[in-house]
Structures are given as C-alpha cells and as structure tokens.
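Note that the chains are named A, B, C, D and E in the order they appear, and that numbering of residues resets to 1 at the start of each chain.
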Amino acid sequence: MDPGFPVLSLLIFLPLAGVLLIALLPGRHTRTEWLVQNAPGQPVDYPKWIALGIALATLIIALVMFIIFDRSVSGFQFVDEFDWISAEAVGFNVTYAFGVDGLSMPLVFLTAFLTVVGVLVSWRIDLRTKEYFAWLLVLETSVLGVFTSLDLIFFFLFWELELVPMFLLISIWGSGNRNYSALKFVLYTVFGSAFMLAGFLAMGVAADTFDIREIRQDALTAAFLPAPVIFAFILIAFSIKLPVVPLHTWLPDAHTDAPTAVSVILAGVLLKMGGYGILRLLFTLMPDVGADADLALAIIGVVSIVYGAIVTIRQTDLKRLIAYSSVSHMGFVLLGVSALGVTGMSGAAMQLVTHGLITGMLFVMVGLVYDRTHTRQIADMRGLAHYIPLLGIGMVFAGLAGLGLPALAGFVAEITIFLGAFESQTAAVSVALLGVLLAAAYILWALQRTFFGPKDEKWSHLPDANHWSEFTIIGALMALIVLLGVYPSIVMDLLEMGVEPIVENIETFVSSGAGGG
Amino acid sequence: MSDFGFHLAFWSLGAMTIGGASMILISRNLIHAVIWLVMSMLGVAGLYLTLSADFIAVVQVLIYVGAISVLMLFAIMLTPRAERDNSQNIKTAGPAGLVVLMVMIATMWVAIDTDWGAVREAALTEQARLIGESLIKHYILPFEIGAVLLTAALVGAIALARQDDEDAAIHAASLQAELEGEGAVDPVDVVDPPIAADASDSEASS
Amino acid sequence: MPETIFWVILFLPLTAFVLAGISAVNQHLQRQIPEWDPNYPRSWKPIADQFCGPRLASTPLIIALAVAFLLAVINLIDSIGLRGLPLGIGTHELFTAGELVVNVGIRIDGLTSVMLVVVTGVSLLVQVYSTGYMDGDHGYRRYFAFMALFTTSMLGLVLADNLLMLFAFWELVGLTSYLLIGFWFHRPAAAAAAKKAFLVTRLGDLGMLAAMILIFSKTGTLDIASINALADSGAEAGMFAFNGLLIGQTAMTLFGLGLIAGAVGKSAQFPLHIWLPDAMEGPTPVSALVHSATMVAAGVYLLARFFPVIHASSTASDLIAWIGAGTALGAAILAMVQVDIKRVLAYSTISQLAYMMFAIGVGGYAAAVFHLMTHAFFKAMLFLGSGSVNHSTNTFDMRRMGGLRTLMPITFGTFIIGTLALAGIVPLSGFWSKDEILIEAWENNKGVFVLGLLAAGLTAAYMVRAVYMTFFGEYRGGEEVAPGEHGNEDPSHPHESPRSMTTPLIILAVISVLAGFLTFGGEFQTWVYGALPDPHAGKFHWSWGIFLGSTALAVGAGFVAYWFMRNRERVRSWGVGGIWPIPEAQKFATELFYLDSLAENLLARRVFYGWIARSSAWFDAAVVDGVVNRAWREGLTISNGARFVQNGWVQAGTLSIGLGGMIIWIAVVLF
Amino acid sequence: MLSDVNLLGPELVLLVVGGFLLIADLFIKDRRILMGVTLAALLGSILYSAVLLTEGHVGSQGFGGVLVVDKFAIFFQILLAGAAMAAVLVSTETMQRTPSRRGEYLALILFSTAGLQLLAGSRDLIMIFIALELTSISQYILVGFYKDRWGSEGGLKYLLTGAVASAVLLYGMAILLGLTGSTNLSEIANYIAWQGDGKEEALMLAAVFLIAGFGFKAAVAPFQMWAPDAYTGAPTPIAAYLSVASKAAAFAILIRVFFEALGDDLLAEHWKTIFAVLATISMFVGNFFAIRQNNIKRMLAYSSVAQAGTLMIGLAAISADRGELLGASGILFYLAGYTVTNLAAFTVIILIANQNGGSYDIRSYAGMGKKSPWLSIVLAFALISLIGLPPTAVFFGKIYLFETAVQSGLAWLAVIGTVNTLISAAYYLRPVKAMFIDSADDEDEAAPLPRPSTSVLATMGLVTAGVLVIGLHPGLLINAAEAAVAAIFS
Amino acid sequence: MTIGIEHYLTLGALLFCIGFFIAWSKKNAIGVLIGVELMLNAVNLTLVAFSRFGSAEVALSTQVFVVFIIAVAAAEVAVGLALALVVYRNRQTISVDRTTLLRG
C-alpha cells in the first residue's frame, strides 16, 4: 500500500509536532474559548486540548492506515526510507526506514488509541500540565517508532527514547515512592538495552547492515558473537520489558507509582515492545536459534504465568495487583511464541493487543477509583459499587476481560495460544492452564474486597463517573474489547499475516539446518 | 681519557649523583635538600662530560644549578621556617616504596636487557653549533613554540604570584576559613569567589 | 427451519440484555446528571426515565423469551418430524490463526431441540415470576440484564456446533452465574459465594479446556459432530479413525476425562460440589433457573453431547458413573440435615444431577436427558416455591416457617407436586425419568444401582422433612426484613404471593405432572438418540421390579420421615440430636462431611494462600527484588567507600600513574 | 621553510593574538573587546584550517616533517578551536571575577589551544613534547586562576601530577628515541617494523610510559586522579575546556602515536588489550566515583573519566579488518559529540552557578525546572545525551564505538560499556531529578533570576543545537571523521 | 669491563626511581618538585647516553631534546613555585598532605 506520501513518518512525528505546539503556546487561559464550551471564568488548559487533538489526529491516521492496509500482500507497507548514515568505508550504514506489516499495524493502532485514552484519563491533572502532556506525546512518538522501525539502530533509538518521558512522568507526576520506581524502571531497561545493543551491533556488523529486512540468519554465522549469545543478549532486553520472572520487579513499582495515564500506556503499550521485539527481531532474524530456544522460552513463560499469578494473589495494593497480573499475562506471550507455529505466534501477538486494551482498561479504572478514594490499598476499600456503580461496571468488565472471559478480547488470545502451543509444548501448556484459574482467583477476590461487600459510609461522598472524558474512555475501551472478543479476525488476520513469514522462516531453517544444527 | 680515568670519573660522578639524590630523600630540611639537589645535578653535569656532551653539561650547570635551585631557594625562603620541613609523607611512603621497586625492576631490566644497537666510539663534535643549527633548521618549530611556552610560563607565573586587588579578599577569606579549622571540606562547598567590584568593567557597572 | 431462526432465538435475549443494560446504566446515570454537566438539557431526564425505566429491563426480555420459546416449540415439533436427526446447517468462520480455524455454527438435533425448549420455557416462566419477586428491588434492572445475558449464554451453549463455541458460552454462563449469585453484593456471603462458585467451576473448566486443547492438537478439529463420529467409530488397535481423523485410545480417554472434569465442576458433582449450596445466596429465581434447571444441567448436557466420547472409554464412563452414584447418595444425605430450604433444594439438585451423571456413565443417555428435562421443570418449580415462601416470610430458614399450608395454598400445592415428582412418585414426571435411570443402572452396573436406589429413598425422606417443616405445624414467625433490603414488611402475617409469581408455579406444576408422559411411544428417545452419530432407536425399558421397589422405598422413606417429624419431641427424648441417630454422624453431616472446610479452609486458605502464595510473595519481595535492591545499595556503599582512594593527596595521583603503568607493563611482559 | 609557515597558520593566529592580548591587556580595559579579539582569533584559526583543507594543502608536511597538515589534524584544529571559543564565550563571569588578569586569561587559553592544535598535527616526539607542555603549563595556570583555596590547590595538584606524568612520558620517549634513533613517528614505525623483534620489553615500556603520559592528559583511569580536583578548583569555563579540549587532543595524539609509530603488529596486539583493560577500568572508576558526588563539576569530572574510558574502546578496536578506520573514526565522532554535549552541560552549569551564588551543589538545583525552565531543559538534555540516550550526539557516538568493539571481537567491551551506561544513568539523572522533580525548599527562590549574559546564552544555544544536529543527522560528522582518519591509515 | 651504555642507562633508571620516590613521598610541595627535577635529570642522562652511544642521527636529536627538556623543566618549576606561593597565601602551608580540600 503506497499512499504516495510519507504517512508513516507523519504518524510518528505528529506527536512531536504537538510537543512543539504545546511548548510554544501558553499554558492556560481564562477566557472562554470557541474551542471548549466551559463555564465563564474557568481556565482552559490549552495543553490538554492540543494533546487531545494531536492524539486524536494520530489515532485517525492510524485508523486510516489500518483500514487501507492491504491485507492481500504480506511484507512491509507504507515504507518510508532513505539513507541516513552511510559511512561506506567503515561499514556503518543506517537507513531511515519505517514500515508496518501485519504484526506492527495493530500495535501501532493500539498505541495511538491508548495515547488518546491516556490523554483523556489525565484530564484532571493540574500539576504542570504543559510538560505533562508534552511528555505524553513524546512517549507516543517513541513507542510508535519502536513498532515501525525497520532499522536496528532506529529501533534502539526509539527504544531508549521512551525512557526519558517515562522517567519524568513517573517521578514528577507519580505517587508513593516515585523516584525510586522511576529510577528502577530506567535502570532495568537500560540494563537490558546494554545487552540488546551489543547484540544489535554484533548482528549489524556480521550482516553489514542494520536493516531488519536484509539481515538474514546465514549472515550471522560470521558474527563475532555466536548467534545464541546474540539471541540471549537481545532476549534479556525484551524479557525485562515484557517482563518475565525474575526480571519483573521493576514493573509493580513503576506501575504503582506512575500516574494513571502512564500506567495505562506502560501496561498497554510499553510491555508490548518486548513481545513485539521477540517476534520481530529474534524470531525473524534468528529463526534457528529461536527454534532451539523454544523449550526455554516456554519454561520461562510458564514460570511467569504461574508464579506471577500466585504472587498477584498476595498483593494488597490494587495497582500493584494488576501490575503483577501483567507479569502473569505476558508469560502467555512467551508461551505462544515458543510454539513456533502460526497459531501460537498469532495468539502471542493477539495477546499483546488484547492485553494492551484490557490491562489498559484495568489501570484506567483503578486510576479513576484512585482519583476518588485516594487510596489504592485493597484493605481500605469496601462496597464501592454502592456509590460508584458505573465505575464498578467498568471495573468488573475489565476484570472479567482480564481473567479471559469468552466474548471479550483476552479469551481469544489465550485460547489461541493454548491451542497453538499444546502440540509442541504439552507440559508447559498443561501447567499454564493453572494461570487461568489463578487469574480468576485474584481478580474476583480483588473485586470482592473492593467493590462488593456492605456499604462503607466513608465512601458515600464519592462521585461516580461524571465527566465526558471518563465515559468516552470506558465506553471506547469496552467497545474495543468486546469487538475483538467477538470478531477477532479484524486483527487476527493481520497478525497472522505478520507472523506467517516468521514461521516460514523458522521452518525453512529448521528443515534445512536439521543436519547441520 | 684513559680507561681508568673514565672508570673513576663514571663511578665517582655516579656516586655523587645518586648520593646527592639519596640525601634529598633523607634530609629533614628543605634547604638542605635543595643543596643536595645541586650536588646531584652537578654530578649529572659531570656525567654529561664523560659522555662528551659538553654543551649540555654547561646548560645543565647554568639552568639547573644556576637558575632552578636558586628559584627553589627563593620560594623556600618566602615560607616560614616551619614550612621548610622535608620529611616523608609516611602515608604514601610505603606504597611508594613498593611501586618504586617495581619501576626500578622494570627500568633497569630494560636498560640492561635490551640490545641498544651498535656502540659508537666517536663522540659528537661541535655540539653547540650543531645543536644551534638543528634548532633553527630542523627543530625550528619546537624551538619557537618553546619560546612561547617560556613566555606563557613567565606570564602565568607572574599572574599567579602577583597579588592583584581582587586577590586580597580571596586570600583573606581563605585564611579566615583556615583559622576556623575547616580542614577537609566536602568539595560540594566549592563556590566561585565573589565577583570583584571593578569600575573599569563597563558591563559590570551597567 | 431456516438457520436464521436459531440466530434469532440466540439474539432475542441478547437484544433484551442490551436494552436492560441501557436501562440499568441509565439508572445510575440519572443520579449523576446534576453534577455531570451544567449544560445537560434537563428536559431529557424525564424522557430518559420514561423510556429507560425498569420496564425496559424486564418487558423486552419476557417478550423475547416468549418468542424464543414459541420458536423452540415449533422447532421441537419439526425435530420430531425429523426423528431428531441433525439439521444440515452450515458453519461460519469466525477467525483463523494458522491451522486453527474457529467457527461459529449452530447444531440442531433432537438433544438441542429439547434443551432449547427447556431453557426458553423455564427461563420465560422464571422471568415472569421474577417481575413479581424482584419488584421494588434496587437492582431490578440489573437483575434482568444479567438474566437476559444468562439466557443468551445458555442458548448459545446449547446451540453451539463446536467445542470452542460451546466452551465460550460455557464460560459465559459461569460468568452470569457469578454475577447473579453475587447479585446482592452488599452481603459478604453473596460476594464470597459468587467468587467461590466461579472459581470452583473454573477448576473443572480447566479440565474441559485441557480436553479441548488435547482434541484439537490431536485431530485439528473442534467440530462436535466430527469428534463424536470419531469416538463412535470404535477403537481398533487402540486407535480411533474416522474420515481422516485419527486419535489414540489414551487421548480419547483423556479427552473424556477432561470433559467429565468440566461437567463435574459445572454440575456440582463431588468433589467440586461445594459451590452450589453457597450459590443459594443469589435471588431465588436465579437458583431456580440457573442453579437447578439449566446451567448446572449444562454439565449433563455436555456429557450427553459427547456421549460417544464418554463411552469410547470405559475408564471415563466408569468414573462418571461412580462419581454420579456417590454424589447422588452423599448429597441426599447432606440434604437431610439442612435447615435452609434452598440448601435442601440445592443438595437435592446435586443429588439429582448426579443421577443424570451416572445415567450417562452407565449408558442411559436418553434417560439422563429425560431426567434433565423433567428435573428442570419440577426443580425450578420447587425453587420458585421456596422463593414464594421467602417472599412472605423473608427467610429461607425452615425453623422459622411452618404452617404455611393454609396461608399460601397455591405455593403449597405446587410444592407438593414438585416434591412428589422429585421423590419419583408415579405418575409424576420425576418417576418416569428416575425409574428409567435406575433400570439402566440395574442393567449395567449393580453397585451404582444400589447407591442410586438408596439415594432415591433418601430423596423422598428429605423432601418430606422439608415440606413438613415449611408447611405443617405452627407458623414460627418468619424474619424481620433486614435493614436496607426489601421484602415483606409484615412477616408475621404471611400471605400468598402475587399473581405474577403464582402463575409460573402453576404452569410448571402442570408441566411437572405431564412431562413424564413423553416417554410413552418412544418418541422422546427417538429425538434424543437422533443426535448421536449412529442413530439407533433406543427404547425405554420397563421393569416392574424396579418400579415397585423404588416406589415402595420412596413412599416408605417418606412415611418414616413424616413420622419422625411429627414425633420430633419424642425422638429427641430418646437422646437423638437430630434426624440421625448418632450425634457424631449428625455433626459429620451438618459439617458437610468436612469437605467444604477441607477445600476452603485447608487447601485454599491455609495451603495455597497462607503457604504457597505467601512464600512466593515473600520470595518475590525479598529475593527477586531484594537482590537487586541490595546490589544497588551495595553499589552505592562501594562507591562511597572507594572514595578513600581519591583522598586528595597529590601523591595518590602520581602514585597511580606509576602503579598503573607498572602493572600494565608487567602484565604485558608476563603474558 | 617560509611556505611552511602557511601550514602553521591556524596555530600561528592564536599564538600571535595571544601575544598581542598580553600587551593589549595593559591598555584595553573593555572586556568585550578583549573577548572579541580572542574569538576573532579562534574564528580565524578555524577559517584558516578550512582554507588549508580546501586549498589543497592537505597532506603537506612542514618544518622538516615535524608538523603535518592532514585532515585528521584539521578535524582536531577545528574541534579544539570551537571548544575554546565556547570556553571563551562562557567566561564572562570568570573575567569579571579576575579583572586584572583578563589578558593573561585569554592569552593562556589561546596558547593552550594552539598547543593542543599543534599536538594534533605533530609527527615528531620533540614537537609532541613541546606542544604538550605548552598546553599543560597554560592549563596549570588557568586552573589556579582564581587563586582561591580550591583553585590554587587544584592547580598545584594538577601541576605536580602533570610534572610527574610528563617525566614519565619523557622517559618513555627517551627509550623510544634511543632505541629507534629517530624522533620522527614514521621512522620509528620503520625501525619497529624492521628491527623491532626481540625488543618488545623496551618498546612496551616506552609504550606504557607514553600511555601513562597521554592517558594522564586524557584523564583515563588509573591516571585520572588529578581530573576531579582540577575540575573542581578551576574556573568552570576552564573545567569545561579541560574536559573536552584536553581530552580531544590527548586522544588525537594517542591515535597518531600508536597508529603511526607503534602500529606494528608486534606491539598492536599488546596495546589493544591494554586499551581494552584501561577502557574497562576507566568506565567503572569514573562511574562509580561519580555516583556519590554532590558537586556537579566534580561529578562531570568523574563522568569525563568514564567517557574517556568509552573513547578508549575505539583505541582498543584497532586490529580488526576495518578496525583502524572504524575505531579511530569512532573516537573522532564520539569526541565531537561529547565535546558539544559536555560544553552544553557546562554552559548551563555556569549559568546556573551565576544565578545561584556560585554554588555547584546538585541539591541546590532543586526546583530549577520551575525557575528557569529553559536552562533546566538544556541541562537535562545534555545530561541525557551524556548517558547516551537518543536522539543525541553521544547516543550515536556510543553505538558507533560499541560497533567498533564488536567488530574487533571485543563484544564484552561493548557490553561493559553499555552496562556502564546504566551506572552512569544513576548519577546523570540526579540533577535532572533535582531540577524537575524536587521542589525548592523555600518559595523565595522561585523569584525570577538575573538574566544571564547574552554570550553565554548564545553559546548554550549553539552547543545545544550542535548536540541535536549531531544526534539527528550524524551522517555528516561520521563521514568527516572517516575522512579524517583515512588520512592516517591510507 | 668497559663502561657502556647500560651503565649510564642503569644510573639513569636509578636516578629516575629515586626521583620518583621523592616525588611520591615528600610532604612538601617543593620537595615533590625536586623529585620531578630528578626524574627529568634521569631522562636527560638517558638521552645523553643515547647521544653518545647511539647512531649518528640520534646523537643530535637527543641533545636537542635535552635542551628542550631543561627549558621546560625551568618553566614548570617557575609555575609550580608560583602556584605553591598562592597555596601558601591561602592556606599558610604548602604541605601536600594538608592541602586536601578537594577529595572524594
């Protein structure tokens, strides 16, 4: 699909343009504006309206791309590329190359969507709004960049870029032990990137290019590092991001202390970068190592699923609980990937998308509740559904989606992973089934303790969902979750398209390399 | 020079050099140390003579013995008697001894073990002329730069040693801090000295 | 009938759900409007109230169910014409992921047709009943929304033509069950029971999920017909083979066991029965519809659906037979000691479902389905009757009832019919189906038969006890309505329930009486057997011996129970604590054989939550995270400590030059 | 000989104007004129370098092979003059503090710069030594220029350690000279190639002493001890200048000496390992010591040690196929990126200190983000660049250098480098955190601060733009660096 | 035994080491400078030794080198003493084990 102009670059850099706009325009204005119909005298926050406008525009572009994406052709579409660094003599060539395929397109859309959600959920932020929304948009650009980069260096660039807004967003607008959490997040990620960069460079040097489309497995045999080592290096980074046990402890801290919007984006999109990276880079570029590592991946995945779920049950902080549930859920991604088949990998990719929506929604709900109760401690809450029934509906819905209820998005992904992975990873899948039960246990128990139970008078003053932004978010998220739950092929087809070449690649190498290792 | 004379000269001058240097190590008084330094330098100058480097020997005597040691003595004289102590810093002497031992092994090993090439019997003649020619021909650039270097050092040394108007306050503040017993201070406390009120600076007043 | 009709049946309640949902959300929204937006046009509020009021929740659902019921009956008649053979209805691809092709499709055969009628019919009656029972409840609209969703899911479960779709709806009915049990979420017991129900059934569902995954990975298909045909093909050399599909005996057995696990969970069989009695925390119509008539029977339906699979493996069929038989007896024993009328009925439900289970285990496929149907009607009626009682007394505790016989005649009458049907008294519907099951058991498995027979006797006994405590003797005053809840304001003067509640009772009573006669002529068996891959006209057997024996046992047990109840004072004076002669046994039974406390307190709370989860959480915080934090702190300490090197002495700087240089040189020379 | 003077142009401009300034100082009191002249000289030097580049003088040797004008030298000439320009531009406040020594101050900067430029173009041991000493002695004086107790102590320590280091360097040179019989780098290389066998110990001792001497200038651990003290005591513009210019020239001469003179395989294998080890030590030492610093200058001093370690990676990556080009051009590229970034950081630090009563305490930066958001953003940007996060200059520098490491089979070094990036994040983020996240203790500080001088602001703008431009379009600079090193290795 | 280049070089090395030790172990800043001067002398001695025994080309350049070194040494000492003076004015001491304001 060639729209004739660099739509992808526009998509990626539009949020940055928004940042400029926010930076240049004044912070707030007390005049009643044509833009917003607000009560006279109430100040208008320009930044959030600009941020919303830009995020919506990005979402529309993403949506248009999603619609006009050619589902009959595999490979990358909307490719923008030109030589960026070409130091021929020393063999250091970086191409400015961006493109989307079936795998990245849904994730791009998800990113654009969740950013809108993030902006809306931050509607009541009044601390340094200008910077806040600017950083949120920078975050969007960096994540979009990761999902669309076709060059390892650019991938790495955007991967790292995302740290800056995240660090500031968590440590300025966060709560609790936010400085610690922000730093921990950054340090963990950078630790992973250290290995990732080494791996990338080894690949780039061996293949003489950083272009993902041109690096091929056979070139890597000449690498200075053995391919399995490169694989392991890069896997470390993605495992931290995903995250898997035991590299996960940054996640609960970061989630707990981050502001709602950041939690949403963190859980909804940033974690997906890990899964995306595993599929896009590890298995595309090093299929035979990946094929050898399937059992290890499955084991890590299962440990994450079960262990994550068990630890989740003991959490006393609602946000922390959901954060740990992410650990458990992202284990499914690894499990699906380890199947080495189209079904399992599609399921893994689907899990990325659905978990983004579902956990995003969970964090939205918890955030909205937190805005009202100012506590996240489960023990402090009781019977909230009496006073905030609409939020209760949202929370229960999100919770049910989280535990993999059919007709909601999560089920499709999980069942696909199970069905796809069982044949090759029988034992792992059998154990992983426990995760489904445990997920139900922690989510239902948390709901029981927070929303259900007798009325608690101290919450009687709480306002229910009462702002259009809240209705919009909850409604949109619910709609998407149900849509993906009952008609998954709208996304699944794309993911399948994106995954098929990877699997073909694996099969080629596994069959041809069976003798040679 | 006869062989014996050469031997005698080498060993005695060597002993003088090393002995002088060792006495610097031992002497408790800084002024004595400088005098031992002079002796050691003279020994080196003598060794230069044994190596037929007449010009260098002369330069050595002039500059080291004549200029540098006098300069040092002047500097020492500017400080009170208590500061003329030349004792060892016992905290570093131990490790220093160990490291010096290593350096000694290394340098001497290299000196003795290496094959330094053909030994030439004839010494260089007309050294002063040759050196002079070399300096203005082959090494003209280093020579010029050396001149700049000396200028810079001169100007800099003057700038440092000269007590400008703005320095008095700074020194006074330092001494005040010293008197208050601020021995070791966290480097965090480093702050820029105050801007001197300078009427001539047009911008400062505007 | 065209396929569209069935989609209509499925989507009718779904539409009602959407409308009820709008109504329910609107209820909460209205509260918000004043502070929501000052610009909100106030004039909309009455409009919204008018069109999105409580009626929007219930009326569409009842209409939808009525239409659906009508269509289901027409379909049943059609199905009779087709002798229960499956309709050739195509299936639609929902999504694909590699080899996985997920379809949605509808399977219509005799079994489905029967289930459709049962589900729509009972649901319709229960909804009508609910309009009266739930009238005035704060959550009225929410209730109907959930009910609509439940009915949709149940219909979907019944209609599904492939295992995945079946499983999806299977989970959805679990969800609605959860929502309905926890309907009065302000009661901690209700919230806990809801969670427990969901978790326990989900434990069983894991087995079903595993079975599904297994069968998919072995055969690549999830189509029910194909799987059944495969199972029906019979094992040769340990392999089942049909139409290119191939599966080993072990896999087939495992598949069957997985299905049984799912069924055991959903149908509350031992050892996963513990959730159902607690589930009685939900509103009574819910118990009637979800927890007796339809959802819990879904387990039986599942095994019936996959009857060839269960019988392709003797392990599986024996297992389910023994589980069923044991549960039937055990639950009946537990029902004897309950004082809560709904709990009596709940254990009775477990016991009756167990009947169906062992019927399937011993090969009584048609008998099981038949019992499922009859049981649905009379047990729903019994539950509704208990609800009717509750409606006027505000309690389910039978010790606070009594003497309602005259005060609530319609309720009493229908309840008696239900009791007789349940006890298997000829010629009520329960008799025919239960006798058929006992005959099948007698023919196939004597041990199971004995247990079943004992259970039949106990059934009569506990029902007589319940009826006696509720309707006979003196009225013991009921219970004051709890603060914040709605109910009869004057429980000391119970009254008959409103028309909306009694009408369904009467209709159900009529059906309970008549439904058994379907067995005559073998029509029922024909439809039901038509659903199997190898349709052979099964005929119900008749055995005078068993007829007489079971009837005598039931009547005898009933009378014994009646005698005990009448002469309770005298029995007590013998030193017997309750209905059981030995106090220890009594305690053992009232403690539910300690199974609940074993599962909940020991396994869930202590072993899992207290031990496994706590140690994991500790491990996570102290080791996984602790190591990192420790390393970080140590790093800072080292960084701080290392500063002594940079001690400010010039000599340290110069020394390091020499030392560094020397170490390098030595290293180079040495290596 | 006279035509050779043409080749000396860039340095000559500086030396002449420096001399002029010493005299002019006596008559001209206006700071702006003096600074203007200085800047003009530096600009002239840059232009002269450019002229040399375009007028076909590239590759000419002058003064009997003592000096060479190749692209490598020109690259450094421009870089160093640029760094000096920035240092002069931000010296407004410094010169207000020392009104009576302005001429000396500026002249010494010019002399020092000329010395560094000469160093980059030297091909003769004696020239190297003299150039090094010219710049060193100027720097000793500049470090102690405030004559306060920190400055004088820093200066004295710098001088004493520097003197020891140059003595060590000289000993190394003496051995090299005695052994090879020539002061010319290419002749030394010839000797080693033909007659070097069996003399590895001596040659390596010389090499080690040279590494110690140059490493001292580059502030590579374990020769780094002077750096924190000198940086802390020095006037901040001088600290900035030291951290970039001195380091740049030291790496220039390291590349030149070790590639031109000691590049023979006989030795290269050895010093490849040495550089790799030194890189590791430097990175760890610099980063570990930086973590607990509260004085931002001192923190940056240690960070510059770590950065020197990172640069060393390029030196270690020599012996691979394309390692020579890649490693050396990586160093050049990284140096350029590091220079602009560090200058940006220092510029802001100076501005903040000027507003802060001269304090460099990181904790006093609390709430700075509110008080002067632009300064804070620039500083944060510079620090983020120093970590090596995108889209900044150092990010690509690191990637480039790590790639050279990987290509030379030193992937472990790349990993260590990136792990050190992680450690460095811990302290680079501290000021960022203080500025944006912590709030000032008292609200009074929120009062608007005095406006910094235009020249400093301009510098800040320039270097920040530099950071961004290199970060966004590194291709140009990479190609330039590539061309520059090709001159040496062709 | 003839006195050859090794003797001079060894002597130079010894002198260098003594100078090193003095520079490393003296408390007084001027003492450290003295040590440095000894080291430079050792270098000079080494160079002159090469001048005498080495090849013809080296003979001249070493001696030129020595001239430069002596000049630079003088400059260094001048600046060093000036700095020591400034330190003394500030601290009333030039003892390097007491001028440790900057550390850590």
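Operating definition for what follows: contacts are C-beta pairs under 8 Å (C-beta built on N, C-alpha and C of every residue); 3 or more make two chains touch, one makes a residue touch a chain.
Keep in mind the model is a prediction, meaning the values are calculated, not measured.
Peer 1: Enumerate, in label order, the chains that touch subunit A and subunit C alike.
Peer 2: Intersection of subunit A and subunit C contact lists gives D.
Peer 1: Hey, which chain is the most central one here, using CA centres?
Peer 2: Central by C-alpha mean position: chain A.
Peer 1: Counting only C-beta pairs in contact, which pair of chains has the most of them?
Peer 2: B-E
Peer 1: Give, as an integer number of Å, the spacing between the C-alpha centres of subunit D and subunit B.
Peer 2: 27
Peer 1: Take the average of all CA coordinates in subunit A, do the same for subunit B, and state the distance between these two points in whole angstrom.
Peer 2: Chain centres of subunit A and subunit B, defined by C-alpha means, are spaced 65 Å apart.
Peer 1: Cα centroid separation between subunit A and subunit D, in whole Å?
Peer 2: Averaging C-alpha atoms per chain gives centres 42 Å apart.
Peer 1: Of all the residues in subunit B, which ones touch at least 2 other chains?
Peer 2: In subunit B, residues 89, 91-92, 95-96, 99-100, 103, 106-107, 110, 116-117, 139, 142, 146, 149, 152-153, 156-157, 160, 167, 170-171, 174, 178, 184, 186-187, 190 touch at least two other chains, as defined above.
Peer 1: Could you list the positions in subunit C whose residues touch two or more of the other chains?
Peer 2: Those would be 643, 646, 648-652, 654-655, 658-659, 662, 665.
Peer 1: Of all residues in subunit A, which are in touch with two or more distinct other chains?
Peer 2: 187
Peer 1: Judged by the touch rule stated earlier, which pairs of chains are there in contact?
Peer 2: All touching pairs, sorted by chain label, are A-C, A-D, B-C, B-D, B-E, C-D, C-E, D-E.
Peer 1: Under the touch definition given earlier, write down the residues of subunit A that touch subunit D in their complex.
Peer 2: 83-87, 89-92, 94, 131, 153, 156-158, 160-161, 163-164, 167-168, 171-172, 179, 183, 186-187, 190-191, 193-195, 197-198, 201-202, 204-205, 224-225, 233
Peer 1: Which part of subunit D faces subunit B closely enough to touch in the complex?
Peer 2: 1, 8, 15, 18-19, 22, 29-32, 62-64, 66-67, 92-93, 96-101, 104, 107-108, 111, 114-115, 118, 124, 126-127, 129-131, 133-134, 137-138, 140-141, 144-150, 155, 171, 175, 178-179, 181, 198-199, 201-202, 205, 228, 232-233, 235-236, 293-295, 297-298, 353, 357-361, 453
Peer 1: Which positions of subunit E touch subunit B when the two form their complex?
Peer 2: Against subunit B, subunit E makes touches at 2-22, 24-28, 30-31, 33-35, 37-38, 41, 44-45, 48-56, 59-61, 63-64, 66-68, 70-79, 81-86, 88-98, 100-104.
Peer 1: Per the contact definition, I'd like the list of subunit D residues that touch subunit E in the complex.
Peer 2: 125-126, 129-130, 133, 137, 140-141, 144, 147-150, 152-157, 159-160, 163-164, 166-168, 170-171, 173-175, 177-178, 181-183, 228-229, 232-233, 292-293
Peer 1: Could you please specify the touching residues of subunit E with respect to subunit C in the complex?
Peer 2: These residues of subunit E touch subunit C: 20, 23-25, 29, 32, 96-97, 99-104.
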